[in-house]
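Before we start, here is the structure in question, set down as structure tokens.
In this document, chain identifiers A, B, C and D correspond to the written order of the chains, with residue numbering beginning at 1 in each.
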């Protein structure tokens, strides 16, 4: 039977998301955020979610809407507060959301470790700072490093540019950002793309996320600008 | 699948599978839609006998997904070889990537299955397939330990006994291990055997072979599955 | 480089640099051919005032090498922003890559230089630039700690004193650290100061400023370089 | 001044290689081996070399020639013995070359760690085998992992397909293999390519090794088949 990871709509793409899930959400600033999939999760009604994303949402839609809904109890990110992150800021001030702040390079490397079967790694980032508090510090070749652990998710929501039915992906410009490492690090990787092409049309040299990392693909041709 | 069936000079009443037939038997059992790595030796042959009607994506640890069968001689490309250093082709949907990503796929548990060769397999699933321990020759491990540790399931494809007639399925590996307790199924030139929590269970035997005769060539105790079948080569 | 020079209401006899002028001064000193990351705040402005005649490759931690200046409004692309979330362009020779590779470049010591903002810098090169410690607001670290730990050299671009007139160059940071002992050079609206094994050494001061007056606005002792110069804005 | 990493010939490409250097050599089997650069090192006369490469050379040219010359005292690789590896086999049998055997995934991950500033990582590969002897084993989430350390080189010799003057690289098919991780892991990365194109002609989405990892590029248009 032909492998076909293309699903008909957003509801089918996020089917199975459940209370208590940990969800990775791609994007950096407003580039590469899978807003349609995020609203699919919102519509699916799951609660008590842990979100892993670089930012914590801005404006009134996308990640900000999910956080504003009160369904997110915990967020793991590097830079939650930005211009327009009012919905997150309010939840945070009210003590309604837990924040695990992770240096951005450690955040992406912990995802890669999870995807690559690495159980822990030593990084120089954060040594001697509050963000290394309580973590193992170890000296290699005269320099101190912090032990960091892999970061997994139940579901990764990723925005990419182009896909085929096997789930091969390319991205567009700086919208690539966290997509490829999140796709590796989740039990279920769900991708929204602007174009679906026939199998064999993507140049095998230029595929960024190979098919093996992807579970579902949904085609979103709507090009609206979100309030994020 | 057609192919010559080799006959044993010692045994009568049954015929051993050829290497290609072992590969074919394993290939037939790969679930549709799987992502699979084929190790060096008999497993590599499976690329040429993949079951029709299924879409199975073959991974090669030198950085390929979607490995296709070997090309005609005129179509060989020196930049397109598999982990056994054989010329291959790329299927539509295939991709190339860096070695470290190839092994992220392996170690990270993304491969559904790896088909590996073996020097020895123990009844508990221990695998020895990287060195014969002969110190005159340099050992080579390649990707064997990564595959054994990382793929979701390991199937072994091997002759049932060594050229000297000694069992390759043993109580305890005497050769250095590749990984402990990883093998789930063994395809030999005589049988298909599952490694279970209750020991080795024979699922299939070649026509004419008896459990008693198979047991003589196998160190750990074998049980016969209730629904065992003849290993028939179509 | 032209630009308005802001004048202080408290001080007479010298003029502070604007934020763009601070960025310009630092940019002028970047060695030709360097690979450089520009942090949030004043450093980001440097992309628009890179020195002519040099080829400097700008890195952005969201996965870009070869960042160019901001585009005309009509040419903005929502998929092409820098780490400060400003619209940018891509230079010929630029490339895009995954976040984890962007930080491999940083942590792995491949960047020649990072220009960072600061809340405080200590005389020993300690840097505090990620949280003011105000618990009403969530902290944000972004890539600051990775850059501070990984780039071959760290230059800080900052106002010399806070809005309240307190020194930002201090004996010991009272704010939580980003990294200990990493800052090599400080560009302020008043001076260019090197962090050396023998303490802070002033290389340049704005015209009319004296070491005594600069010292009043700086906690650690300042020495004047033998070859110090006026910080002249061309 | 324009950045220009293109050098005129092989001698200029390998200039500075010296006795005692550790040299990474890309390639898997006969695909992606920088044979011209290897012969450049041979011609430069450096001795007492440590080679890091997946294989140990076959035939009479390339890596086999370097090993056969007696200038290599140590090799770190995953699979030294192949059909045709006679020159290595003889040195090994004579006790004239040290061998550090590393599982292939650990080999490439140790290179990536070196390139990515990671001081160590825990892998499940090799646990319970001779290749983990003497290494730290640590349990995470009920499973044992081995601590592995980064692998650096003084020089990486890499074969790629196309480059520009900044040193951006693309590769061709399975010849990509170790090139991109070796390029990250060496103090000096030297690349031989089949094509040099003007800056800006490479699609920024499809560059595999970004310029920052490359130091020198030499154009080799000779297409001869080596005895390897």
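One rule holds for everything that comes next: a contact is a pair of C-beta atoms (placed from the backbone, for glycine too) under 8 Å apart; a residue touches a chain by one contact, two chains touch by 3 or more.
Just so we're clear, the structure is a prediction, and the values are computed from it rather than from any experiment.
If you compare C-D with B-D, the chain pair joined by more contacting C-beta pairs is B-D.
Greatest Cα centroid separation from subunit A: this falls to B. As a whole-number value, the distance joining the C-alpha centres of subunit C and subunit D reads 37 Å. Between the CA-based centres of subunit B and subunit C the separation comes to 58 Å, rounded to the whole angstrom. Measuring from the averaged C-alpha position of subunit A to that of subunit C gives a distance of 30 Å. Residue positions of subunit C touching 2 or more other chains: 90, 96-97, 100, 103, 106-107, 149-150. For subunit A, the set of residues that touch two or more other chains comprises 109, 112, 116-118, 123-124, 171-173, 204-205, 208. Inter-chain contacts occur between A-B, A-C, A-D, B-D, C-D. Per the touch definition, subunit A reaches subunit C in the complex via residues 28-32, 56, 78-82, 88-89, 92-93, 99, 101-106, 108-109, 111-112, 123-131, 171-181, 208, 225. Across the complex, subunit C is touched by residues 1-3, 112, 114-118, 164-166, 168, 184, 199-200, 202, 204-205, 207, 210-213 of subunit D. By the touch criterion stated above, subunit C contacts subunit A in their complex at residues 60-64, 77-83, 85, 90, 96-100, 102-103, 106-107, 136-146, 149-150, 176-180.
Within the complex, the subunit C residues that touch subunit D are 32-33, 35, 53-55, 57, 59, 65-66, 90, 92-97, 100-101, 103-111, 149-150.
Those residues of subunit A whose C-beta lies close enough to touch subunit D in the complex are 109, 113, 116-124, 138, 140-141, 143, 145, 149, 170-173, 203-206, 208.
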